[in-house]
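One chain, chain A, appears in both complexes that follow, with chain B as partner in the first and chain C in the second.
Presenting the complex of A and B:
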């Protein structure tokens, strides 16, 4: 008999993690129309930064998390200004540059840091019992931080000027320019915000599972699947899609076979692209909040 | 149509010829181990130019070319090792199956374009790898096949060889020449195809698909054909690769993320949509790795050796080229050395100064000539 509570708990945990993983990818696509193939590498960067701070230097894992978010945010900004912005209109160049930049970062870790699996101390050690099932505090932290951050993102996008400007850009770049929005700055903010989300997700991923120098590819493909399923660029759609995929994966791996880990999202992607390429919530509506 | 391309014959074509002959003479000066590395480079050259014919020409990035190579490699390995079929049969079968795989990607690729296609193709080798793991009875899982397939050339032994000689050094040399011959054939075929009218339509599609449609040409069949051609030739190269001394039917060799990535990097280095560019890029890439491997020095401060850091060097090189010379090294060098001989078809975004035409215009004119009312559509502006 399969334990329903277990499925529910690990489903919620993995789904909220997936939502965090995908949201940065969604933001950059929604605003710039750019597929950031270095997204996975930004997750790896987050994981490795926290590994350095909280494992090699033995500082608090919370400090590792904060450090990772700051570092990835800065790298995301530099990546946009120095690499992407000058060639932004050339789709092929952007794809190749982000792909190469991503692999450059990851190979850098593989060559100069370690090819071994890395792990970091748990951010919230210990466990509690929920409905008779032991749940790690770390899992709860993943869920709570995911919900809080998503709520924060909604507030940012709906209530602040920067958020409104970002939405405006995702609707129409020309229109946004006409009303005096500084496109370059807004895109820079978006990239930094997206990278910070990626860094945060990277730390949680490393803490929840483990990390490796080439840990970025799988989450990149996952983000793409989520973003396509949720409707390209839609924040709400991405969150719902993350939960959908997280639960489908948890159920298939625990009910059918654990060998299916990783296969499910990818197969879903192919099916979605063939059957419903516009995603669940349609495309075109860019940041439908 | 051919005078435009004959015009460019001097110098750079001779240079290319000299280069190819020099490459063909490499067994004379290398040791057996070095030659095996060079055979590996020959296959990277083949992989890169088969990639270029679809992705470089139409501008539809395929980030999972390894999948086509793997279809070829696994087909021949399963037929040959598991079922004892001769490579003379299994390699052509592998080629056909890869062509079908190309069709399977090429048709959906009509619907999903640009960045979407790039990401979808990035997924495909990963799915293929999962299939290899799931059906490890057939594909032998992540450890690959235990025994090698029939070699192209060998000293006999349990697995046999297509060409049997008594010295293993000689076998490697024959192996080299078989691979080299296939490289030349593939090169000539792809070069001729991309310089034909059909190839010009592909370049025109990359520039402006709507204009091609407006000229009365359906881009769909040309795009699908390019994908099938790319996949078939990649399957051929992949199948030969596992039979050669440089390759083995193992997922690390056929499905590694780095394989597809290297193919993209070398093509970008050399120049997308030129066939020659990716060959030169692969040679440069392989050459750098070869030299780094031969003269491996420990780098101070980094606690690494040169060959360890070479991937990073290549990524940086690739990024620098995309950034500063997005057309690639070969077209950039040609433009510098022989500006007057510039082939307009290679620099699609600009019209040649001497009044030469871009592929879109060429295609439109060609189409206009074949229509009964040819005079009118000449004036159309695209």
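Presenting the complex of A and C:
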């Protein structure tokens, strides 16, 4: 028997997580027009930072989360300034360098930290009952934080000068220069913001399942799928794609076959691209709601 | 000894080979039908030479016998790491004994299978052809080992499949015995594990209140021998109802939908047979404190670092294993654990460690008994021998070529009473912590658990 409430709750939870995983990837592409192949490694960096803070040193998981966001933001900034900026006009070079950076970061964890599985305490332990169904507080935290962060991102790009500058750059770098936007600074902010999102998502992923030094690969593939499915550079598209994938995956697992879980994202991608090659909302950074 | 062409070694025959052959031939005749003698030497060597044979103690004096190790990601993966360490411990023990192996030292040459069929085959070729090892030890995934069997066959190298339980591997041996007779296993196969799991479920169902069991089995070839037959067995033996039985993807990161289904079906136990997704499943079961027990053939839960890796949230999780920290399945098990701890600073529960350790001792005993490293001499001996030096079970014998599982360990416990007497395989349960340390208990069968079942209900279900 199919329990709609459980499917709804599971779908929302996993979709929220997927949206957080992919949003940083979308930002970079929207502004810079490049795929940041170090995105998965930044997710892993978030997970490992939180592991150190909350597990190894026994501090609060909230501190672990904050620390992860700060650290990944800084690393994202360094990555842009030292690695990406010198070659940012060369798309291939950016791809290669971000790929290498991602490998270095992850292999660094494996060599200098551990190759064994890590886990971190839940941000919000315990559970509540919603509509007669037990729901973990951690699940609620994932959903609420996803909504808050997406809303915050929307406010940022729609209502702040920085956000408008980011949108302007995604439309036309020349035009943005002409109106006096400091592109270097905006790109730096974008990379840092994207990395912070990745760090946040990495913490949630690690607390949800467990983590490993090479945990970034699968989320990277998922992010790529979501971004392409949603439309390159479209934040709205990425969020909707994440929810589409999350719900179809949940329904597939619950109703069709649990063996098919892994093929859902790519299958959806193929289907959508055949019908709409530009993705659901393909254009630059676009927050039309 | 001359070998086939293709993946071959140098075909020269020397005096050492002739002498060994003569001794081995006499030994094989002499021990046909012989039974075991008392154990001696490093934990788990067991038999000495059979009656009527005289193998000189210094037959291999000054030589080095090479063991090729094929471990699953020993740098990344506890199962692989502890398998390598188990073999290394056995090698060290023999090298430190008064006479080594008939005067020879052992040398362990390690490679990783990379959990990749191609890498497994390539590394096996290196060990067999370039390094000319005397025996192989290891192998993990069945798909990989089946590829390893080709260079093994071509070079006629004896091999102990010590980290994998795949049934298709032994089916390949049976399909072309003469070509693949060089392969033996030092671990039970998955069909045997399934039967043991059924014994445990039948033992525990009443005392634990398992009237309705959900069975989730990861969609890997190795578990084909478990998935449907286990469900059928549970029903046929009247153990419980099985309202849900599913094969699960290796890509699952959210177990909530499946756990929701088990909960909706009022299941008392989720019997989960998992490899790659085991950590995630265990963690999500533990953090959500589901109203059912959880256990099965759970590979990652066999590892000693499972408790920490999963965040200390899965008290009550049980799994079949080959050994454990405190298992009393054989006297040699506790000796081996003490020595392992002395060497590496911790006790292990990784099944692969026990099996890799046993494989070294298994082979050494055969070499000592036959005075030969030639597989043509060892194979007949191994097929006829009853070995009482195994750390896994009190006596160890192999099925011959006519059996359903040729060259697999003879291991059958058709009823619970026999299983209790045999003490193998043990079932372990993570039971929280004691004095800040993870507590893994051997809970069944009775011999392994110290005379009585020790299974406990999951804490939040008590």
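Everything that follows uses one rule, which is that the second predicted complex is superposed on the first by the 275 of 289 C-alpha atoms of A that agree within 3 Å, B and C clash if a C-alpha of one lies under 4 Å from a C-alpha of the other, contacts with A are read in each partner's own complex, and residues count from 1 in each chain.
By our rule, a residue touches a chain if its C-beta (ideal position, glycine included) is under 8 Å from a C-beta of that chain, and two chains touch if they have at least 3 such contacts.
Treat the numbers as computed from the prediction; the structure is a model and nothing was measured.
Enquirer: Superpose on chain A as described above, then tell me if chain B and chain C fit or clash.
Expert: clash
Enquirer: Per the contact definition in the header, classify A:99: touching chain B only (first), chain C only (second), both, or neither.
Expert: The first partner, chain B, only.
Enquirer: Just checking: does A:117 make contact with chain B only, chain C only, both, or neither of them? Give me first, second, both or neither.
Expert: A:117 sits against chain C, while chain B stays out of touch.
Enquirer: Which partner chains sit in contact with A:87 here, chain B, chain C, both or neither? Use first/second/both/neither.
Expert: first
Enquirer: So, does A:108 touch the first partner chain B, the second partner chain C, both, or neither?
Expert: After superposing on A, A:108 lies in contact with chain B but is clear of chain C.
Enquirer: In the superposed arrangement, does A:267 touch chain B (first), chain C (second), both or neither?
Expert: In the superposition, A:267 touches chain B alone.
Enquirer: For A:259 in the superposed arrangement: first (chain B), second (chain C), both or neither?
Expert: Once the two structures are laid over each other on A, A:259 reaches both partners.
Enquirer: Report for A:129: first if it touches chain B alone, second if chain C alone, otherwise both or neither.
Expert: A:129 sits against neither chain B nor chain C.
Enquirer: After superposing on chain A, which stretch of chain B overlaps chain C: 40-48, 166-174, 202-210 or 310-318?
Expert: 166-174
Enquirer: Shared contact residues on chain A, chain B side and chain C side combined as an intersection?
Expert: 218, 259, 262-263
Enquirer: If we count contacts the way the header does, which residues on chain A are in touch with chain C in the complex?
Expert: 1, 3, 6-7, 9-10, 13-14, 55, 110, 115-122, 125, 127, 134, 136, 138-139, 205, 208-210, 218, 249-250, 253-254, 257-263
Enquirer: Inside the complex, what are the residues of chain A that reach chain B?
Expert: Those residues of chain A that touch chain B are 34-35, 37, 83, 86-87, 90-93, 95-97, 99-101, 103-104, 107-108, 111-112, 214, 217-218, 220-221, 224, 228, 259, 262-263, 266-267, 269-270, 273-274, 277.
Enquirer: Provide the residue numbers of chain B that touch chain A in the complex, in ascending order.
Expert: Contact set of chain B toward chain A: 59, 61, 63, 108, 111-112, 114-116, 118-120, 122-123, 126-127, 130, 133-134, 257, 261, 264-265, 268, 272, 302, 304, 308-309, 311-312, 315-316, 318-319, 322-323, 326.
Enquirer: Enumerate the contact residues on chain C facing chain A in the complex.
Expert: Residues 75-78, 216, 219, 246-254, 256-258, 260-261, 264, 279-280, 283-284, 287-289, 300, 305, 308-311, 313.
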